[in-house]
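Before anything else, here is the set of structures, which you'll find just below.
Presented sequentially are two complexes of chain A, the first with chain B as partner and the second with chain C.
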Partner chain A sequence: MLKISLDRLDDFFARVASEQSLYMPVDREDGQAEFRKWTEGSKLSQRLNTVRSAKDFFFPQTENLVDFKIQGKNIEVLDTREECEDFAVFGVRACDARSFSILDKVFLCEPVDSYYKNRREHGVIISLSCTRPAETCFCTVFGIDPVEPEGDISCSTDGKSMFFKVNTPKGEEFVKKFADVFEDGDPAQLEKMKEFSRNVFKKLPLANLSTDSFGGDKMMKLFNSPKWAELSEACIGCGTCTFICPTCQCYDIRDFKTNDGVKRFRCWDSCMYSEFTKMAHGNPRVSQLERFRQRFMHKLVYFPSNNDGEFGCVGCGRCLTKCPSSINIVKVMKALEVEE
Partner chain B sequence: MQEKMKQRAKELLADGTVNRVMGWKKGEFGYDTTPAVFRSAEEIDKYFVCDDFTNSNLSKLLVKESKKDGVILAFLKPCDTYSFNQLLKEHRIDREKVYIIGIPGGPKLDAEIIKSKGITGITGVKNVNYTLVIDTIYGEEKMPFYEAVSVKCKSCKSKKHVIYDELIGDDGDILESDRFDEVEKLENMTSRERFDFWQRELSKCIRCNACKNVCPACTCEKCVFDNPKSGIENKAVSDSFEEKLFHIIRAFHVAGRCTDCGECSRVCPQNIPLHLLNRKFIKDINSLYGEYQAGADLDTKNPLTDYSTDDCEPSIVHERGVE
Partner chain C sequence: MNSDTLIPLVGVVTDIRQDTPDVKTFRVVAPNGGKVFEHMPGQCAMLSVPGVGEGMFSITSSPTNTEFMEFSIKKCGCLTDWLHSMETGQMVTVRGPYGNHFPVESELKNKNLLFIAGGIGLAPLRSVINYVRDKRSDYGDVQVVYGSRSMDDLVDYREIVEEWTNAERFQVNLTIDRPQDGWEGHVGFVPDYVRELAPSTDKTVLVCGPPIMIKFTLKALKELGFTETQVYTTMELRMKCGVGKCGRCNIGDKYVCKDGPVFRFDQLDRLPDEY
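Take a look at the complex of A and B:
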């Protein structure tokens, strides 16, 4: 199996960064981690996860879609797109790695979102397996294996070396390009560590969370549940949960006037906001209860209903740690399932 | 303390003084408490919690609750009573509809600080003589209680309840706090350094609106930032100046009304020290118009919306801006 000894990992990063942009989680002054472009001296964060998810690479918070230049009665349409350069993202956890396949289902189905596709095609995902999960992690509930993450290449370490497992042709191309940095290694010790990690995951407090009560076929029962009133009571409608979520995918399109035309932007939107999907007649979801319900129904019912039962949550736990009121998808699932 | 609160809440529900109780509900991991309304003794017995992690301020939620039928019991910490008073002053809460029990304040803890020490897999946290004993799936961990104190409680301004119907525990005093020390540090920077500081901090902002939505001073029926017709509602941040604009507008709007409750910094997912922005305003108001604490009472006027002949002249802006 391909490997790089840990003390040479920084050289590997430098080598990759010398040929293409490389992003990875680094620690910030405030102790949290975020994905940053590798520069000389960058150190891979030891934290489990970043505050913002890795979806930013393919679906950025704001992007300029198109410009319109207006001259008299003429409107010229300017395509602002540029062909994206190849880039690599190292250190994506299994939860975020799965989130891309969820986003793909949304953005790569017809009509294909060419902005997203452009980035997706140029980005190589090098995922990293988890050995020390947090109490808020529940990826395994959605059938994700945090020890064998998805991604073009998946990495895991046995404490001495970083092992690289190639999963896709894109990953194959990447390791070929940097073939000289890899050595051949014996993964025996690694397999032992993986077994150990798998047992740790069984001990997580949310490991036994059940998805049985959810899915497309339970739609009306869940939609009409009286529990939503109480569950949404403490929600302040801030949208933090949607913005940090790796699978939240809703956006708004806004036009801004410039001196000689219009700039059209796409930006993340949140179903928690009062002006979400506002139309000429007003907003279809007038209360916070309805908006709150939308977020969880989307992940647990509507998405699986449209995607062969696949849930729209990857159990990354971000909304568990960051909600100002500590209300989140796990509490919602537990409350709704009691009813069964 | 928690038992006394539960007891008293059940009594007030039983004798009809109130028909609902606002407090906090237990979470999954011993630290993730949620503000909640309880309607029966059974609910209280099952879910009510008041501990080192019940740090959220309940006052703003009372705006909504006091519009409903019947009286609601609310447990307010000293800092929360300032917010409550300020909301009363702004006619946002119906005083008759709220029965306030003042409870002692913190220091409350911030689970993020515990996690930042590398402690993870947390399933419970106990305070044993000011040592935190933390149960995790990896075994027991310990850390000093005071190291986990939340930012807002670290520079507590007052242990005194400025409004209540009854108290559980003793009332405290207004404290000499060091809350302006950090502001002074910023003031002593050159304008370039200060700009870089805020640039670095505010560029982390994801415009999630948690700071705005949690703020007890932000209770406009329709906030300009949620209103597409306002022209500044802006989810699409097209340049780095717009992030700053949001924060500067908000800080100006709450100036003189911000009680320094600390909720904005507590909820920010990106750990942006928003309290420093608000404290700068408070400090300036104190030095330009005399000591003023928003929410301390119901009668004094906010110096920024009051006029007196010895108010400072507008030229002060220019004079102070010179380096």
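Take a look at the complex of A and C:
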């Protein structure tokens, strides 16, 4: 198996960054981790996960879609798209790594979203297995193996070396390109540690959360549950959960007037906001109850209904730690499950 | 790079017709003439004035029209205000067509058809009505029941009176909500008029109008013996992308922009009541 000894990891980062943009989790001034572009001196964060997910790399918070040149009554459409340059993202955890396959189902189904596809084709995901999970982790509930994350390449460490497992042709190309930095290593010790980690994950407080009560076939029952009123009561509609969520992909399209034309851009939107569905003649989701319900119904019912039962949550736990009102998908699942 | 549906095409507004005090019908052609793209009856398009806004509108002209597309648009917001104040020769952007369409080539073929519309709800049905009129031998009898607040609010009044009433095996029944000087036709709400007309239940029904009208019309139809599998409608919710990705126009697990806008009532019955 390919490996790099940990004391040479920074050299590897430097080597990759010399050829293409490399992003990885680094510690911010406030102590939380976020993905940043590698520069001389960047240190890989030792924290479990980043505040914001890795979805930004393929579905950025804002992006230009198209420009318009306007002269009197005339409009000229300017396609400003450019082929994206190759880049690599190191240190994506198993939850975020799975989120890409969920986002793919949205953006790569017909008609394909060329903006997303462009980045997806040029970005190499190098995931990093988890050894010390947080109490808020529950990725295993959704069938994710945190010690064998998805991604083009998945990395695991035995404390001495970083092992690289290639999963896709794109990953293969990447390791070939940087073949000189890898050595051959025996992952025997690594396998033992993986088994140990798996046992840790089994003992997590949320490991036994059940998804049995959810899925497309439970749509009407769950939608009409009286529990939503109580569950949504504390929601202040801030939208934090949707922005930090690795699978939330709702977006808005807006225009920005420039000196000689108009820039049309896409930005993240949130189903938690009152204007999300507001029309000139009314709003089908009038209160926070409807908006709150939409978000969880989408992840637990509507998405699986349209995607062979796959849930729209990866159990990263970000909403558990960041919601200012302490409401989250786990509370929703537990409350609705009782009704079964 | 491949084309992307989010990048619109340009169209020129060549004709603007004032239909009612707050509805205008805009004729749109490609800069080099002809239609910007083809569509089927019931499908929609994203119409935009860059810098002002973009909105989803039903294409009200029939696909059998080979020269232009038409959009009947009610003035009721930022973008529609702007559209109502523009002059001919103005360019707009268009993208689409989006969504499914009325099953004119399958389930509706050879059927007796009953169209029920209220106010601007005629816009999406007009596409089907003219399609049926132009392919007359493919369909059975046609009855159009159309109502609005007043006689001034009947959209496409000239076409209705001059063309539809004279079309072969077409019956047109108009109604307005309240009595009005110069109106000798029926007065009353659409659902009540439908009850009064008591159309035979061998008809396939296409209904569109304000939600409250649709609701009561469906009730009247059921009383007359129609079943939900015979009745189609077309939905409208806020949309941004038009292709089921921006995440806002869903009713349960269905996106109105992609899986709709045309639904049969038995399909809607299986979905949450959130529209």
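General observations
We take it that the second predicted complex is superposed on the first by the 340 of 340 C-alpha atoms of A that agree within 3 Å, B and C clash if a C-alpha of one lies under 4 Å from a C-alpha of the other, contacts with A are read in each partner's own complex, and residues count from 1 in each chain.
Basically, contacts are C-beta pairs under 8 Å (C-beta built on N, C-alpha and C of every residue); 3 or more make two chains touch, one makes a residue touch a chain.
Bear in mind that the values here come from a model prediction, so they are computed numbers and not experimental data.
In this overlay on chain A, chain B fits alongside chain C without clashing. By the touch criterion defined above, A:180 reaches neither chain B nor chain C. In the superposition on chain A, A:269 makes contact with both chain B and chain C. In the superposition on chain A, A:278 makes contact with both chain B and chain C.
When the two complexes are overlaid on their common chain A, residue A:322 makes contact with chain B while staying clear of chain C. Once chain A of one complex is fitted onto chain A of the other, the partner contacts of A:74 are limited to chain C, with no touch recorded for chain B.
In the superposition on chain A, contact is made by A:219 with chain C only, not with chain B.
By the touch criterion defined above, A:330 lies against chain B but remains apart from chain C after alignment on the C-alpha atoms of chain A.
The vertex angle at chain A, taken between the C-alpha centres of chain B and chain C once both structures are aligned on chain A, is 90 degrees to the nearest 10. Of the two partner chains placed by superposition, only chain B is touched by A:244; chain C is not.
After overlaying the two complexes on the shared chain, residue contacts for A:112 are found with chain C alone; chain B is out of touch. After superposing the two complexes on chain A, the closest approach between C-alpha atoms of chain B and chain C comes to 8 Å. Shared contact residues of chain A, touching chain B in one structure and chain C in the other: 252, 266, 269, 278. Those residues of chain A whose C-beta lies close enough to touch chain B in the complex are 28-32, 34, 48, 51-52, 61-62, 64, 132-136, 200, 203-206, 233-234, 236-240, 243-244, 252, 254, 256, 263, 265-270, 273-275, 278, 320-322, 324-327, 330-331. In the complex of the two chains, the chain A residues touching chain C come out as 65-66, 68, 70, 73-77, 79, 81, 83, 106-107, 111-115, 118, 216, 219-220, 223-224, 249-253, 255, 257, 261-262, 264, 266, 269, 271, 276-281, 284-285, 290, 294, 297-298, 301-302, 305-306.
Taken together, the chain C residues at the contact with chain A in this complex read 1-10, 50-54, 76-77, 80, 87, 89-93, 236-238, 240-241, 243, 245-250, 252-253, 270-272, 274-275. By the touch criterion given at the top, residues 27-29, 32-37, 56, 61, 111-112, 115-116, 120-123, 136-138, 200, 204, 206-210, 212-214, 226-228, 233-238, 263, 266-267, 269-271 of chain B touch chain A in their complex.
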